[in-house]
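Each of the next two complexes has subunit A plus one more chain, namely subunit B in the first and subunit C in the second.
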Partner chain A sequence: MGKLWLICIASISILLPFLCNAFSPETPTDRRVLVLLDDFAIMSSHSLYFNALKSRGFDLEFKLADDPKIALQRYGQYLYDALILFCPSVERFGGSIDVAAIVNFVDSGHDLIVAADVNASDLIREVGTECGVDFDEDPSAMVIDHIGYAVSGTEGDHTLIASDDFIKSDVILGAKKIEAPILFRGIGHAVSPANSLVLKVLSASPSAYSANPKSKLSTPPPLTGSAISLVSIVQARNNARLLITGSLSMFSNRFFRSGVQKAGSQTKHGKSGNEQFLTEISKWIFHERGHLKAINVKHHRVGETDEPALYRINDELEYSVEIYEWSGTSWEPYVANDVQLQFYMMSPYVLKTLSSDKKGLYSTSFKVPDVYGVFQFKVEHQKLGYTSLSLSKQIPVRPYRHNEYERFIPAAYPYYGAAFSMMAGFFIFSFVHLYSK
Partner chain B sequence: MSNSYTSDILKPFKLKTKQQELLIRVLILCLVYILAFITRLFSVLRYESMIHEFDPYFNYRTTLYVTQHGFYDFWNWFDYESWYPLGRIVGGTLYPGLMVTAALIYRLLHFLRFAVHIREVCVLTAPFFASNTTLVAYFFGKEIWDSGAGLVAAILIAVCPGYISRSVAGSYDNEGVAIFALLFTFYLFVKAVNTGSLAWGLASAFGYFYMVSAWGGYVFIINLIPLYVLVLLITGRYSMRLYVAYNCLYILGMLLAMQIRFVGFQHVQSGEHMAAMGVFFLMQVFYFLDWVKHMLSDTNLFQEFLRITVTCAVAVGGIALGVGMASGYISPWTGRFYSLLDPTYAKDHIPIIASVSEHQPTAWSSFMFDFHILLFLFPAGLYFCFKRLSDATIFIVMYGLTSMYFAGVMVRLILVATPAVCLISAIAVSATVKNLTVLLRSKTKVAQIGSTKGTSSAKASSKASLDQSQPFQKNGAMALLFGAFYLLSRYATHCTWVTSEAYSSPSIVLAARGAHGNRVIFDDYREAYFWLRQNTPLDAKVMSWWDYGYQITAMGNRTVIVDNNTWNNTHIATVGRAMSSYEDEAYEIIRSLDVDYVLVVFGGVTGYSSDDINKFLWMVRIGGGVFPVIKEPDYLVNGEYRIDKGAAPKMLNCLMYKLSYYRFGEMMTEYGKPPGYDRARGVEIGNKDIKLEHLEEAFTTSNWIVRIYKVKPPNNRW
Partner chain C sequence: MARRLAGFLVLLLVVSICEAAFLFQPISDSHRSTALELFTPDHGSFKSLEETYEALRTFQILGIEKKPDLTATACRSISETVGSSSSTAKDLFYALKANSIAECKIDKKASKGIISRLKAAVSGASSLLDFYYSVGGLVLIKDQSSEADVHLADAEGVFRSVKAFSQSDGRWRYSSNNPESSAFAAGIALETHAGIVSLASSEIDQSLICTLKNDIIKLFDSIEKYDDGALYFDDKLVDGHEYQGPVSTTSSVLRGLTAFAAVTAENLNLPGDKILGLAKFFLGIGVPGDAKDFFNQIDSLACLESNRVSIPLILSFPSTVLSLTRKDSLKVGVSTVLGSEVPSLTVKLVGAFSSGSKDASLVESQELNFDKTSGLHILNDLPKSIDVGSYTFVFEIVLHEPKHEEVYFKGSQTKVPISVTGLIKIENSEIAVLDSDLGSIESQKKLDLAGKYAISLSANHLQKLRLSFQLTTPRGRSFKPHQAFLKLRHESKVEHIFVVGNSGKQFEIVLNFLGLVEKFFYLSGKYDMELTVGDAAMENSLLVAIGHIELDLPEAPEKAPRPPPQPVDPYSRYGPKAEITHIFRAPEKRPPQELSLAFLGLTILPLLGFLIGLLRLGVNLKNFPTKPLPATFAVLFHVGIGAVLLLYVFFWVKLDLFQTLKILGFLGGILVFVGHRILSHLAAASAKLKSA
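This part shows the complex of A and B:
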């Protein structure tokens, strides 16, 4: 019996790493993804997108949004690493999921993709608000662009727009340039000005506006021009990544395959940019790109190797840190020339750019300022698209000890001379005074 | 037979009158020595052997450090757990006398194989030195008057509440040792002046060194003694004895004092010490003139010379002082010194000094409380001193008068006045009692032996002769004697009562009477500090008003932003600003200081009145002194400080208000009063619906006296 237990425990402890091969600091890429749908038809109509995810090794689990059995966590453990909400019209999630649960899911470091659409429910709008974007409040409003629309067979109402106003970041959108415009049909949103973390990835053209296409425009539309964001991303402070868009159909097979010609443009692309755009951005969302880690933070006096408990003023010291980037499968050295180190106490006393050896090791050396106090080694590396690196290490800097000052100062030799000659003079004087008659 | 045998045996033990007197005197001194010690033990019996109040906790922490790391590490100690992120060079910013003394006692006890804990040593240091002070008082009294006055002085000072207030067991503060050192230095100096001996002068220099190492109050010595010398010079009492005593004290004392890092070159550079230096030079001029006078026979020539010399000396001194001040070589007087000379100075210019309750001008009642009958014995003693003026009595008179003035300026300086008051009162008591007893005895003597008045003084004899004409003189003297003893016994009763009721509270554990007359103990401070110690990360930073800084580092072992060593006004003002700002503004300050926890003291539930809300206006004033965005009128309504519904809107929403009254609106504190009734201020609070955005309640002690809040990290998605 005891043996059996032993075997059980041994096998569990061996299997445990494989059972939990989910998101972890070591392999930041997501593995288990929950996809919530309005109905299962989306599975087939958006199969190209899902298959692209599956082919990259993601374990997709499709559930109806109002399925009463769905849950994000069990026994305090999250069951998924990421959540895709392709359920724009859901009024109420099934199971234990609600807006607060989704917010907690994100706040504990998990990723989220939200696709709204025309007639998006209040619930989805609320999720958007929590993420720092405000969808157009008019439920039937769509983004209309009479100049930047996509040319199609029928004249239509210009709600199918072709946009190519991307954010300029290779980390988010991949190194390969997206040639074809993106087809978009759906609602627009504005990023909340109070939120400093949300970024517009795909903006509408200056001629776009958000209104109900079926009714006459009586009042000026609340959202106009490039203030309208079509696709936005958020990288939260805990590096959870979020994607919000107002169009579910931009993920669909039909948009993926369809050709696109932007109104007023002569070039006709055989295939829209949707597939490339959305696949690349999903790589970013699921941490296959732009995820940094810093390890082996070391600092020591020049000529020593051990980290001291505190420094003295005017010590020469060396600081090094290794920074790696996750490539989706392995950690590669992160190469940049703008990683800076601060030696900080209320304000940076030393600000130095770390030099890189192109193998991930960043190092520098400097002299501790002539100020004592509790300093911090701070690396605040916040670069568009990358996870924010924020390292801080507290280190006190003490003044000289009483016996670390110079014993004899050349400038003081006159004073030494004065003192000693005084002593000698006093001695001679006393002697003469006492013994001369 | 056997009787005569025992008397034969006892014969060698039979003492002469002189020996009997000595024996009685020694016996009395021993009793006084023990009495001074045990009367200070009320606090240990009432509570436990613990360190009291605020500053003693820092002293305790540093003493612990000395015993653990040795003297040199202590000397160079850079403490990064206080004044985050500036840190504090402890070795260079304190008077190490107390800690070194306690550490030496601790070492000695361990050498003698008494395995005591350092805390016990610290707790009992002050009573021990109080006992020693009684001995010094005896010798001092003997030096300035006679041994009777010395004995009375020893008894008076042993139980005087003014001294006990700073030297009960557990009150491990500099003053406990410093009063001993102060009196000892004065005694040695007076001895040196009386004898003109270089040895006593040397001893007084070392006494001064000990005083400098123990307390910043040494400035009093280094100003009083020059003043005394100056008075002697002016009154024509200049003598070689004075010259030797003062020069020895000044030169050696200065050299020794400069070895204390906290004093260093201040001793020759700061304005407070200039008087001593000036008098030193004046003394040399005097000596020189004396010599010239001795050499010159012509008085007219000497007068001429005198005029030229004095003019030159004054001019040179004035120019030197002016140049020194202008070049910044001589630093001007510090604010503390100004506030001593001018009681209103601190109120207008340095709120941080004025905010401390013990820096307030003294109320008449506290003079009465601390001195009792000494208050009217003091003028009587002055009278006796003036009647028998000598170098020594001039000194004690000057000491008494100056220290009484300072005692009137600041409550805490009653302590400095106490020895002088006790000594002068002792002269009064001793002289009166002596006169009365002489009166009583001389009459019988007159009756018996007639005209033998060898022992009694001329005064007594004249009184005795006067006495023969007044038949009720003896009865009157008897009555007066009884009256004196009655007063003295009242004094003893009063002292014991004050000690046990008022001065033996550790102030870190509060005691109150419950509804049924039982004693209720509020041990909230220690509860909170132990919570901090057990539940927060080791490098957590705690922000609180500076009063609690020492206690948090000593008992909670966590880093604090500001503490009772108020060396950086800006830093304290930053904390004051955070406490008096709205929560979101305060949050930015809190983040910039890397604060993890905010601690406030709140007395609304228990009725404990010295809490942060009552101190809040000082935070506003100190914060506003550096950051003009904080304005005191914003927190007042028509110049009135209130916290109820009529309070100023900024008051109701500032961080301190929110942290103090968070969730308090739901609470019933007193029967028959609405929820949210603040018992410390006796009003219902004005903002009961307090929501915290950036902070969350982490811990509140059982009586709500200490409340600790955790600072939340910034919003994840915003």
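This part shows the complex of A and C:
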């Protein structure tokens, strides 16, 4: 019995690393999440958010951020698929985790959620910088909005913001419109304009600014207006997804349950939009939405079914590909009308929008250009919030063979006629010359 | 440890911060709805009797009507546990605890069996938890049925053996071989001691109780404190197994303390502010999302409400943001921690201080009127000296009857942050373009900041722009907002922000474009102007587009800084690209077929002319050999030539060069042979003719 137990443990420990890879189209499930906290009390005060994740099948492992035993990988294999940093004040991670380890974790395709807060530590700011966002450097600065604040009977310094400036993307925020504003209280960050991977999901209103509410302003604040991002996401080139926000309290049960009324608006919402917003965005972060895969790339001449080794110029060809989107439990057909195919050699010779049958199959047909060389079929599908699809398949195109040109050209008939009449004349002349007397 | 505390402090701020720190609300309906969410049994029953007890107890304290099925299933599992002979002291303890609320019927035989088992467990106990469960079980039986004989014969001996686990700092160990001591265990030990005292058949030695009281005082020395006055107990993190967290630890101590205070007649002499600090701690954690924490919070608050030391009174405020425009009155509610009624009392406003300054109080001490219908104490009109801004108000509770002073603890003074808001008057707003050298006004416009019209100005780099306005509070004083920005935005989205400074009442900003050309990156063109004036105390904070100014700046020199890159709109970055279709090479131009055919006809004409010419010349075939052999060769020769010509036709139509050459070689061989024969025959014939 004891031996069996040992074998069991051994086999689990051998298999474990293989079960915990990053999101991959082959094994999209089995997701383990490490949650690093400043204090275990966050488990209780933010339990609604954690329970929402658990109910979707995630295996959350809670650890203190300075626990000396925490590690992201063991024997070169990652132990987790995603990391949640709810530890804004941690000065140094315990165990083997540091900023470089987190960056490597993301570089290998894993997901990350970072929540900073007022007085966020330099470490968390550094993580933010690595993710492509810059938190306000003033440690006591908060986002203040004297016009778009949340009306509250007990809170008078307008740092509790009701924001509803969302990114317009169904794939990131779900198809259902978020009616109630989001409660936010924390620090703002800026997104580098040069970085095209970072997206502002929730922006501050034009009247917002980032400053210390207790001290007088003498110089213009570094962050103002809608340039302040409250919540940002990153989709790395390896499809790792990151969420960065300057407010830990926006995840809390209190904000989830609290009602909200935006200043200047008469509508009182019984419940803030935080729960819907953060749950929907976590679906995106954990690849339950917007993760595409393409299979069955096919191309052939019109009227044939086999894929040729090469095409001749001016051939008519058909191209088809099937694209599916991961829904959290299964691969569903991806429906869009802007998937485009390029027939590419140095630059696209043909760029055509594929037509969809709404069941995931995208196809088109076109005529091969009259330029020969080595071409590529390229599908570069980049859409806001979706993983980028990049398919390319090399295919040579050859010119006509000598016997594939037109044989009897009408314009040449006079030459033919002249030759043949000459030959006929020669035949007759041979009689005349030899036998005439 | 300190770092962990700092972490918890952050958390506490997180949960309490939106009510403003230092402000505590009693238990309210949000707790009730959360309790129903948290304590939902899966498949009709809870996982353990412990959870069942916690659910029942929470519902009882909050006054939530128990669902009947909850009691029924609880009763079933209680009677199962009580009836089974294999259940441990811990199971029995929680079964009895749950039963104390569910009030199920336990049959007497089983109950007797339990008593003897628990008594045996008490005498055989070796660890603190063993004592706790068995003694606790006996106490519960005693409370539930008065006739049962649950008295401990050797109460003092048991008391001493539990006391043996205590440490010098007031903490307890779980067992004699475990060196780690904790405050959590201290709470358990206190509760056990209280149980032993109540079970004792004879009076316990007073000196023992006195030492225990000293232990409690020592334990309170190790209490920890937050900035907002909340007090709590916490243990060092040991291995993480027995570590309970501050909520559980504080709750355990409080339970033990209440139990102990209930059985000893004497006063514990605990200062009231310690009790108030503990109450603040439990109220400060808000609504926990964890069932265990939730139970601990509610149960501890219930202990505080019923304790024999003193019942803390909590001031609560429906609103701490008061508007001068709406003439809001200051309302204060007084209640116990669980939000229940309090004896008649008066709330006094002792003072009000402008936050951040240490000046004397702005108001005189005054009493608040009690409104019976709402149960709130109300100050109807804010004193004239209170203008917009944030203040700290200090309140004091005065109990009407002196006997209540012993029962209730009111705290000395309560400081509450109050913000007062109002409409700020904006006057004399002007915008002007000035000539730099003379200061003379080029063009001046009045601004109506509430209006929507847009003004347009133009200036060059030698001129200045001046914007000025005045702000006055409802009480007629000058007002300095936190946010007063002028924003200039160029067409290319490059933004420049300036803080509008003030001198006395007047807010004024002068932009000298000569000094700003570099900052503006020498970008001439249209700049949109936007003015933002906002403050937490300002009800009419505004963000207005004033209009635009056409700036004529000099050309940028070679080494001028470039404007920073502006963010690209994410929607335009993605999206489909324009389609590309390949333009095929146009086919070569060819003459019409008719023309080709006409020229084909023309190429036949020379042949026709040749034939006609031959006929006109009168050609004949008289030289054709007459003898059969040469005639055969002649026919073969011409058939050969015809075949070669025909081969050319076939070569044109379908044959390739190799096939053609093969056949041509064959035909050529024959042709050479027959050609030689017929030509030599003809040559011989003509030679004969010549010689003849």
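Just so it is clear, the second predicted complex is superposed on the first by the 388 of 437 C-alpha atoms of A that agree within 3 Å, B and C clash if a C-alpha of one lies under 4 Å from a C-alpha of the other, contacts with A are read in each partner's own complex, and residues count from 1 in each chain.
Please note the rule applied: a contact is a pair of C-beta atoms (placed from the backbone, for glycine too) under 8 Å apart; a residue touches a chain by one contact, two chains touch by 3 or more.
Just so you know, these numbers come straight off a predicted model, no measurement behind them.
In this superposed model built on subunit A, subunit B and subunit C occupy separate space and fit side by side.
Judged by the number of subunit A residues each one touches, C leads among subunit B and subunit C. In the superposed model, A:378 makes contact with neither subunit B nor subunit C. In the superposition on chain A, A:89 makes contact with subunit C only, not with subunit B.
Our angle of interest has its tip at the CA centre of subunit A and reaches the CA centres of subunit B and subunit C; in the overlay it is 150°, to the nearest 10.
Once the two complexes are laid over each other on the shared chain, residue contacts for A:416 go to subunit C alone; subunit B is not touched.
Contacts of A:107 after superposition on the shared chain: subunit B is touched, whereas subunit C is not. In the superposition on chain A, A:32 contacts neither subunit B nor subunit C.
Applying the stated contact rule after C-alpha superposition, one finds that A:425 touches subunit C and leaves subunit B untouched. When the shared chain is aligned, no partner comes close enough to touch A:56: not subunit B, not subunit C. Judged by the touch definition given at the top, the superposed model places A:301 against neither subunit B nor subunit C. When the two structures are aligned on the shared chain, A:206 is found in touch with subunit C, with no touch to subunit B. In this overlay, which is a superposition and not a single complex, subunit B and subunit C have their closest Cα atoms 13 Å apart. Of the residues of subunit A, those at positions 194, 196 touch subunit B in one of the two structures and subunit C in the other.
Note for the complex: subunit A touches subunit B at residues 103, 106-107, 130-132, 194-197, 234, 236-238, 240, 242, 310, 345-346, 372-376, 394, 396, 398-399, 401-402. Within the complex formed with subunit A, the residues of subunit B that make contact are 72, 75-76, 78, 80, 84-87, 89, 539, 592, 713-718. Only residues 3-4, 6-8, 10-12, 14-15, 17-20, 23, 30, 34, 245-247, 285-290, 293, 317-321, 356, 390, 417-419, 421, 480, 482-483, 485, 487, 495, 497-499, 501, 530, 532, 534-538, 541-543, 564-568, 570-571, 573-582, 584-585, 590-591, 593, 596-597, 599-604, 606-607, 610-611, 614, 619-624, 634, 638, 641-642, 645, 648-649, 652, 678, 682 of subunit C touch subunit A when the two sit together in their complex. Looking at the complex, you find that subunit A touches subunit C at residues 37-48, 51, 64, 66, 87-89, 91, 117, 119, 144-147, 152-158, 160, 167-168, 185, 191, 193-194, 196, 199-200, 206-207, 209, 211, 213-214, 216-221, 224-225, 227, 248-249, 252-255, 257-258, 314, 338, 340, 342-343, 348-353, 366-367, 369-371, 382-384, 409-414, 416-418, 420-432, 434-437.
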